[in-house]
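Presented below are the structures under discussion, each in the form of structure tokens.
You will see two complexes here that share chain A, one where it goes with chain B and one where it goes with chain C.
So, the complex of A and B:
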């Protein structure tokens, strides 16, 4: 049991008619960086508050290092937390903010000093000890919040969208830093975010949440490349979604009638000929070809269209192709790639197995 | 265009001035008269401090002043404590009955002082079997002043971020420690405001104090009593002094807030 730092055992929480956490189970091991990824209202913050003890679950258990803490108040759990908007104490200096958890635990003065020096050094806050939070930049406030979360060597650190209020540049920088601290300290981090880039950059494992449920809990690469539910396929990464009815099933392959275009798809579970399915292919798993290019056997799907626009994105570009059936597909590829111009006829090609096919809901 | 603007400013200015006159002319007049030899028709002015000297020499007024201060302090402590707890309860724990809770806290505002005084007297004597004394006068005044204190706390605390308490709790602060370390240092200016206002209200109150105190004199009861023997010069001096102290207290409070010596909530 104690192999995991955090264990959630069938945790459920309802607010009136809304189920914010629906029978959630999760295990997090020492050294792990686990992201809770989901749109707003998916219940990820509620789950984090349940772990912290700020919210009492209706049923289920929360275990920290094997100890059942479900009914323990937050101040007895010894977890660290980094809040959205930082929530630094505005009337306390940086040093007073950072050392607060140790003071509350009644640590000896010597140890407080020692740990404070350690935390300030780790987070590069030396020289700012006597400033007040309102005298700090966003990035500095963020680091103070992290220092306060880490100073007391918590069993685990909970982070609630800590980078949401930083500008893009700073966020990129902090993503790398946060990951570095986590690797250095081996403290497990539970990181709540609605930003898939953050989750993909920093975490080892991602739990994708929607409507109070885990849609998929898996290593991040697997979540990205092998989504197991239509929600995950649509939410993580940028995908083209193709909906239609199956016209044929032949072992691992099936054929899909997608608005008049016949394409090959991997056979979905729980769907037969005539059933409605959704087929997701990541934009970067599709390529553009000139109509004169020879066919490539591994790119079994090849549909004709016209290049409508190119959206330059730095190293990559999104190519918007309008197919003959009037639908648009987005293809992400290197900028230098084709010598094709706008309004040129193109072929969009991809391997059927590059995407995932699911029986349509309802 | 320019003439129209000037006219609008002129009308606005005059209106504002007459509003202030409406509010403060009587008080200003009393202060003016308190320095005049002739109380009945103090024009043209002939200045004197004699009324103040008479006031200072009168033992009853000194005793009344002391009792009023005591009464004010006692009531203000009760009011501030009750209003702080009440406003925190309403704002922090977002019950669906909160609107009703607020209304019940504010209802004493609409009960006449006279009724509060008599009700307190009857209740204390017939139900609790308590004599009228300083303690019951403090409590009686607190009934009335708590509503004001509550309003002030509510207005100020609505800017407080209760998630700071969450943060303190997660980092190991028990509820009392959390209040002393985080909540109190951030809300004390609001509590000071509530304290000041309830002090002044209890200090100045006549009806509630009168019914509950019996023979113990306070400044308002002495003033009211001596009114029956005609307007004495020391009454003018007293009114001027009390108003001066009250306005002075507010001026100090305003300046402290204006220059950010006392700030509230987040330092931004």
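So, the complex of A and C:
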């Protein structure tokens, strides 16, 4: 019995000069929800298509339940797939769409009926069996696509930005639902998205991709709190990026000259005094203080500025502070700071270890 | 402001605009379709005497048509030819149209032009060209004889030769109809079918064909109807044993000058064609063709 449902072994795929998948290895276990997160053009969809068998990798292997399927056509892989634009068969009813994979497998009629009932119940599509796709709402269409992807008990389900075409409300709802199905079925889901909130809401593990490479593959909390590359630090969550040269290095702490402001940072790997570094701090890890507030030892970095604007976002707000060196920092905090108004002098404070410091690329 | 100016100029009412725009099309249909059809229908119940139409009403022409075995032979031969040609055209056109739509890329327009290229010359010229390939002194048979081989006899003045000629003439219509349909076809649906367990052929019959069935039917009609009424190809390529219904029909308006009988033959041809079109259209279920009824 194989330990992993899906194993990618050094998969590489080039399109002309572009390397869409660059020596990618990944293992996904039973019951796991793994998100492939990256900006468009990062190669995440290509990787998904390689897993599905819609693209042949230039090198490397794809294993499903221990079996090498690299050269198997899509129809022999027993994977399900859900697409961004739903891609239901417009000339088939809901029931015909959903049961399609079982019909192609030549499953007996009894089993088809039984599984259809199961899938329609799971995805709350009862009563819509005889509708055609264009008679359904976007959410219903997406649930039909999910039902079609799941009915044949695939070894794993591939999802290519399945919620991108839904409006915000529905997307939130579906995020929770999709996760619920996954937990219920324990089928591993590979979920491609460029939307970090989706990835963070639903997945167990996130593989952050950029330029055909994995930047970081880790449990989602770790990706969020401990990004291991400048790309991940900048891409996941909302961060303030501070670039400058190291002026001093003392054990685990270093000092950074950031446009004339001296701040403390955790010592970056592979960088010495005088080297350029990028320092990322998530907006919600910074706080605003009034200049009269007493210093707090744990918030070792404290820089003065002026509150430029407050962007109300519901439960919290983004406070834009312009520092004396002319740079703006964004601080996300609760909307409970009535004492501070626009153009008031403020201090932005944070703990050095709240952020990550990386040697600047190049 | 803008609307005031428009009304000040005395714009046409929406009704008047509608009528004005509808007029040219309606005029065309009435003048060139309905009136000639009606006159043919009327003539078919008259009789001809020494090249003159005599307006004496009777069913004689139809009685002659349906009781003289030769006419029925001509009709059956034409029907058989039209069915065979349509099938050949169908099987031949699909891969051509599919290739154009799927792999044409930016050369699509050029490829469509290549399909239309035969129309740059007249029908007679094109059939003569076919003769130059299939005839007794044509490319194929001359070539065979040069190597000391016997000529392929069924290519020379036979019903088969005529059928090949008709197929050649009308395949471009079928290719165009299917190609236009495929332009609106989402090829990604084939990937969906494959992921869900369908092999290539299964995916074609489950997805591609049904979703392009209307285009295919239009192509079939565009081939079947002219094939059924063909006269020229049979005359040039068919030889003595290939006389088609259309060929005999055209004789009535030419050499024999029996317009009334010819008109009756025309009516029969029209009815048979309409019936076949009706049968084909019955196979179309708009929903099953992915037709959504809205702009899509």
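Please note the rule applied: the second predicted complex is superposed on the first by the 359 of 362 C-alpha atoms of A that agree within 3 Å, B and C clash if a C-alpha of one lies under 4 Å from a C-alpha of the other, contacts with A are read in each partner's own complex, and residues count from 1 in each chain.
Simple rule for what comes next: a contact is a pair of C-beta atoms (placed from the backbone, for glycine too) under 8 Å apart; a residue touches a chain by one contact, two chains touch by 3 or more.
Given the structure is predicted, the values throughout are model-derived calculations rather than measurements.
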Overlay on chain A: chain C relative to chain B, clash or fit: clash
Contacts of A:234 with chain B and chain C, given as first, second, both or neither: neither
First (chain B), second (chain C), both or neither touched by A:152: both
Touched partner set for A:89, first chain B, second chain C, both or neither: both
Chain B versus chain C as contact partner of A:60, first or second or both or neither: neither
Chain B versus chain C as contact partner of A:266, first or second or both or neither: neither
Intersection of the chain A residues that touch chain B with those that touch chain C: 52-54, 73-75, 77, 79-81, 83, 85, 87, 89-91, 100-101, 104-105, 132, 134, 148, 152
List of chain B residues in touch with chain A within their complex: 161, 163-164, 166-174, 177, 181-182, 185-186, 265-268
Contact set on chain C toward chain A in their complex: 186, 188-189, 191-199, 202, 206-207, 210-211, 287-290, 292, 294
Partner chain C, residues of chain A touching it in the complex: 52-54, 73-75, 77, 79-81, 83, 85, 87, 89-91, 100-101, 104-105, 132, 134, 148, 152
Residues of chain A defined as touching chain B within the complex: 52-54, 73-75, 77-81, 83, 85, 87, 89-91, 100-101, 104-105, 132-134, 148, 152
